[in-house]
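Next up: the structures, one after another.
Paired with chain B in one complex and with chain C in the other, chain A is shared by the two complexes that follow.
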Partner chain A sequence: MRKGQYRFVAGFLFVPVALYLIFVIWPYIQTFGYSLTDWKGQSQTFKFVGLDNYRALFQDDVFLEAIWHNILFLIFIPVITILLALFFAFMVNAGGRGRAGGVQGVAGSKFYKIVYFFPQVLSLAILAVLFNAVYRSDGGGLLNGFLIKLGLVGADNPVEWLNEPDIVLWALILVVVWHGVGFYLVLFSAAMQSVPRDIYEAALIDGASRSQSFFRITLPLLWDTVQTAWVYLGIVAMDMFVLVSSMTQNMGAYGGGPDHHSDVMSTVMMRNFLYFGKSGYACAMGVVMLLLTLVLSVVTLRATRRERIEF
Partner chain B sequence: MGSTSGENTTPGGVGRRDLIKRSAALGLISVPAMSFLSACASGGGGGSSDDEGKGKTSKSNPFGAEKGGKLDVVIFKGGYGDDYAKAWEADYQKKLGITSTHTGTQEITGKLQPRFNAGNPPDIVDDSGAQQIKVDVLYKNGQLLDLAEVLDAPSVDDPSKKVRDTLIPGTLDPGVQEGKVVALNYIYTVWGLWYSGKLFKEKGWTAPKTWDDFLAICQDAKKQGIGGLAHQGKYPYYINVAIMDLIAKKGGIDAVKAIDNLDPKAFVGSDAAQAGIEAIYEVVEKGLLMPGTNGLTHTESQTRWNQYKAAFITCGSWLENEQLKQTPSDFDMKFLPMPLLSGSTMPFEAIRAGSGEPFIIPAKAKNLPGAKEFMRHMLSKEWSTLFAKQANSLTILKDGVDSGVTLRPGTQSTVEASKAAGSNTFRYIYPDWYSEMDTAIQNASNELMAKRIQPKEWLKRCQAAVDRQAKDPASKKNHHD
Partner chain C sequence: MSAPIKETAAVPAQRSAAKVPVRPGDRRSEGVVLNAFSHGFLALWALLIVLPLLWLVLSSFKTDAQIGGSAFGWPHHWSLDVFGRAWHKGIGDYFLNTVIVLVFSVPLTMLFGSMAAYVLARYRFPGNRFLYYFFVAGAMFPVFLALVPLFFMVKRLDMLNTYQGLILVYIAYSMPFTVFFMHAFFRTLPTAVFEAAVLDGASHTRTFFQVMLPMAKPGLISVGIFNTLGQWNQFILPTVLMQPQSGSDPERYVLTQGLIQLQQQQGYASDLPVLFAGVTIAMIPMLVVYLSFQRQVQAGLTSATLK
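Up next is the complex of A and B:
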């Protein structure tokens, strides 16, 4: 580069970096600062309390349980969503019966692609309203109404889906999966379409079955995309704030019930921050959330690193 | 409290995104700060309020609110709407020439927390609803004006009386923090059970006075395919109305004080608490709840009750206004004091009653004289009547509604009930003082209603919550006497 160009480039870089520092890095630092205080959130008066908040945090059963719930989400949401999306994408793109033309999707695959994508255009708030109607705890709920008609559930004892400690997390996972599968189906479809057809055709000629061609060809060639999907879904699983706070039994504020069985880190944090007025303590939770997220993203990227296949 | 807990449930509450935006904004303010630790928490803040809007004082204008001034009013727009406040503001402009900016919102915390932190709060705030900023929290941070000045000023209706002496006794108590009235709980609310006069007439039931009669009606209802008791299960706040009322009426005011004052025998070792929770558990065990009610939101279950799917529901007197649209015209909504357990200390007529919907004046308000004068007018008969007309509820002003105004049946029944109760009213203050303990008790009640825990375990959990709160040194400053 010639002299002067550096200045030109730096000029362009300065604004975004400055914005990033001011709006991202500085709040993180501030949060850390607040986490060492007994700040109550409504004014700028507080005392410095050192690491007391962090010490209290590791004895807070509710928060520890919430971390565990996030971990459960982190395992099940990506696994289920990606597996389903891969399966559907494969069926839509390469699952059809091989006619003379070679490899193609099942009949009507274009239609399915659009239909599967529908849930993705709904916002989380609408999703919550929708599934609140599905899971509603009396005969007016979609699931309960259906089960009562079938005679599987007594009209006097409907299932309180979101008020059952053993069901509530799964009920939430189902919502996220239903919402996400369509998007990842399209993502994986796009990736699959860039796989050259002749590879599939060669496999077909060699007598590969559908599952063989999926595991030996499709999956390895899609690995990069799967990895991306995993990171996105990991972010969703670490969050879950909107669904938990607007669907589950209220624990003072921001859902989390019954008996904290659906609380996640973000709902516990917000409850402490705003409702209990323990804002300094909540900031300590925020810092722990940040560290956990960082560790997880490093681990995920490391664990899924594979050799890249060029095609 | 007219609109506690589940009054408004915008999905998601105050989003984290808003929070992030806010903290980012805070960050921007504090960029110039040099050292990290000194800067770790430095928003705006500070700055004493200069006496803007201060004019001449006179007998009819004791605070010297200045003509042509501006007033920044923020109203919680929940069960009561905000039309009443608009009517007040119009009248205020006419009388005093002070124009106001009106904000009606459910997101009190979202809109106001940054302003309090930046030292730029509104002049008067109706700090209510699910997203209220807790009064205790605001007080601890020195953000609230001591309202003594307003309360000791002459009343608008009768200048020979102090404002303080025109109010229903005891209604200022919930707004007291460390001996000072810092929040004016403006709406007079009664809590208890509600039923449909029409349904009761149809079925030949009479309003029960004892718990046994109550159970008998529930059982009869169940036989006819109607639920007995409905509650707004998604917000366990509501079933606590029934549970805590039973405890109070059984054990008397001492049982109430034991809980408010964090007695080591508030729950475990209290006969009243045990009798109260066992009575509620009996309803659960005998299947007398409206099916599915444990998981319903307040609107869902109240609407079911309006559709005659349950005989009773627990609620405060905001219920009628909240259900205006869902209530059939011949429903004939009626209030009922909590029926008595045998051997109760209080009479049947005793009710949980008190003031709710805290109005506050921020200490750093720009137009303090204007805000004080506004609050003084709120406690006049004219404005109190305006409120009753617009919001179907009573205010803390004694005899505060012009007799020419006809009230809706539910509101009318609360007027009668509170007359019958006379001085037999009680009120728990722990939810205003200790939100964390309140949450723990609500959580235990939710588990009990779902039959996952028994009364014994409920008592243990509640006592644990009380004991935990008692360990907090800040709780020593509060005392219910």
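Up next is the complex of A and C:
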């Protein structure tokens, strides 16, 4: 019996563990090793160069600028998305005419949730094609066409959204926000609805206004969810590969233009790996990305730590 | 379920509104202002979501010159030819490739993920906790960390640009989350049923497939939706692993990769309607799935985040 059980356990674990080891864990570990070599990927010969790749990395202006862009994304993407999502979630859940402030939803709240959430099921590739068309640098682009109609932009000099160094990052942030707001709206909304009704009713009896009940009750009780949202949006901001590589001007390959003004770590890494063929160097970038991700999660969890409220 | 509750809640509200006259600055009038205000903003954002999508679909009916000319204006003639052209220009193949990969990768992910999660959640053996954390830790690391060695690993296995290669990689990279979620789910299932099955003489394997797995159906649906969407929309893994390896190696791009490929070809031979039609074709299954399983999709994706 006992022996049979062990055989069963081993049998069930064998395939999943093997696949996971071969394709996930082992490559993760190998990256650290390769990052210490001058491996070019084509030949199997390479030599150990110690920390040379890391030293070169911190003198590589393109990579340093890419880190800076990731940091900008890390700040603005979560802040804008979470604020908008909270705002809409509040509107959807508390904007109605109901008695118990903060509980009654507006009419059609279900419809809004369905529409807002839809971009989340679309792939980033679809988003890239869509927003390339929206950001077209002539009157054929939706945004330019609209601004020309309003008279805000001259028909003969439309804005090159993806080619202006000062605008391109914002144009990319907008796409991510457009994509994410609905998802976090649904997330926050679910959390808001799990707040017991009698808390709001008690506040109402005590004479709290809608905004008071939002800031004093809803938000503190939602804090855990906001924190989760922050971590997830942080991961999105660290990636950005699909949008940058397919929407911006190619710096050789994998986007990053104009003149590296939109390069992020992932695009620089992929360019070094598949275009320049510097595998060892790309591995070192992967390790730096891991370290920054870990730092990010620790900092977020520490900075946003609050006393947990049970209800 | 929720509709009758709302109605009963609305009736006393109206009755009391009739009794108490509305004074300016009253909470009720504050509610009216807020109501108009919130509807305005909500409707605006809904437009911002829907309009660009509709505009893109509409643009696929236009000609190339029309698209470049002005953002507005209706197509000159409505013809579905462009969708046929898009399908033959590659979208059909990309679509098929994606479906072939997912038909195998999603069910196998669910099978292997639940098997591992079940054993880890229900059986005591040395190394159990270690294995659990071993699986879950994978979710912490960015995929870029593994990319370079992964490429050479798949190359050594001679599986670059093959369906089986991508299927195996998809399964492996979906493991952390699937194991994590299903582990939590199997823990919540009652032990009594399990014991009854064992007492009736069912083998461990049989208990799993005929008793425990059917009971875990709600969890399987949530993770299944999550994995389907995740793998359908995956871009970075196919970009690295699904490039033709030689001149005679056929293209086996998946949909996301193919769309970006089509877009990049626009620089050489401009045929934007075909690109837009391709995007429309790619959006339709997502729209259908989303609208028919709207509740499950939202619940599946958000509960995935919260766990």
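Note that in this section the second predicted complex is superposed on the first by the 280 of 311 C-alpha atoms of A that agree within 3 Å, B and C clash if a C-alpha of one lies under 4 Å from a C-alpha of the other, contacts with A are read in each partner's own complex, and residues count from 1 in each chain.
Methods note: contacts are C-beta pairs under 8 Å (C-beta built on N, C-alpha and C of every residue); 3 or more make two chains touch, one makes a residue touch a chain.
Note that the structure is predicted; figures quoted are calculated from it, not measured.
K.L.:
Identify whether chain B and chain C fit side by side or clash on chain A in the overlaid structures.
P.N.:
clash
K.L.:
Tell me which touches more residues of chain A here: chain C or chain B.
P.N.:
Per-residue touch count on chain A favours C.
K.L.:
Identify the partner contact of A:124: answer first if only chain B is touched, second if only chain C is, both if each is, neither if none is.
P.N.:
both
K.L.:
Please work out whether A:162 is in contact with chain B alone, chain C alone, both, or neither, and reply first, second, both or neither.
P.N.:
Only chain B is touched by A:162; chain C is not.
K.L.:
Identify the partner contact of A:190: answer first if only chain B is touched, second if only chain C is, both if each is, neither if none is.
P.N.:
Only chain C is touched by A:190; chain B is not.
K.L.:
I'd like to know which partner A:15 touches here: chain B for first, chain C for second, both or neither.
P.N.:
second
K.L.:
Does the superposition put A:92 against chain B (first), chain C (second), both, or neither?
P.N.:
After superposing on A, A:92 lies in contact with chain C but is clear of chain B.
K.L.:
Look at A:220 in the shared chain and tell me whether it touches chain B only, chain C only, both, or neither; answer first, second, both or neither.
P.N.:
neither
K.L.:
Please work out whether A:137 is in contact with chain B alone, chain C alone, both, or neither, and reply first, second, both or neither.
P.N.:
first
K.L.:
Would you indicate which of the stretches 24-32, 186-194 or 240-248 belonging to chain C has clashing C-alpha atoms with chain B?
P.N.:
Superposition on chain A puts chain B right on top of 240-248.
K.L.:
Under the contact definition given at the top, report the residues of chain A touching chain B in one complex and chain C in the other.
P.N.:
In chain A, positions 22-24, 26-27, 30-31, 34, 41, 124-125, 128-129, 132, 136, 138-141, 144, 241-242, 245-246, 266, 270, 273-274 sit in both the chain B and chain C interfaces.
K.L.:
Quick check: in the complex, which residue numbers of chain A touch chain B?
P.N.:
22-24, 26-27, 29-34, 36-37, 39-46, 124-125, 128-129, 132, 135-141, 144, 155-158, 160-163, 165, 241-242, 245-246, 249-254, 257-260, 266, 270-271, 273-277
K.L.:
Going by the contact rule set out above, which residues of chain B touch chain A in the complex?
P.N.:
Interface residues on the chain B side: 5-6, 9, 11-16, 19-20, 23-24, 26-28, 30-31, 36-37, 39-46, 109, 113, 116-117, 130-131, 133-134, 136-138, 140-143, 233-237, 287, 290-297, 300, 304, 435-436, 438-439, 442-443, 446-447, 450, 452.
K.L.:
Can you list the residues on chain C that touch chain A in the complex?
P.N.:
Result: residues 6, 9-10, 12-13, 16, 27-28, 30-32, 34-35, 37-39, 41-42, 45-46, 48-53, 55-56, 59, 67-72, 112-113, 115-116, 118-119, 123, 125, 131, 134-135, 138, 140-142, 144-154, 168-169, 171-173, 175-176, 179, 203-205, 208, 229, 232-233, 235-236, 239-240, 255-257, 259-260, 263-264, 272, 275-276, 279, 282-283, 286-287, 289-291, 294, 297-298, 301-302, 305-306 of chain C touch chain A.
K.L.:
Across the complex, what residues on chain A touch chain C?
P.N.:
That would be residues 4-6, 8-9, 11-13, 15-17, 19-20, 22-28, 30-31, 34, 41, 87-88, 91-92, 95-99, 101, 104, 106, 108, 111-126, 128-134, 136, 138-142, 144-146, 149, 178, 181-183, 186-187, 190, 209-210, 225, 228-229, 232, 235, 238-239, 241-242, 245-246, 265-266, 269-270, 273-274, 279, 282-283, 285-287, 289-290, 293-294, 297 of chain A.
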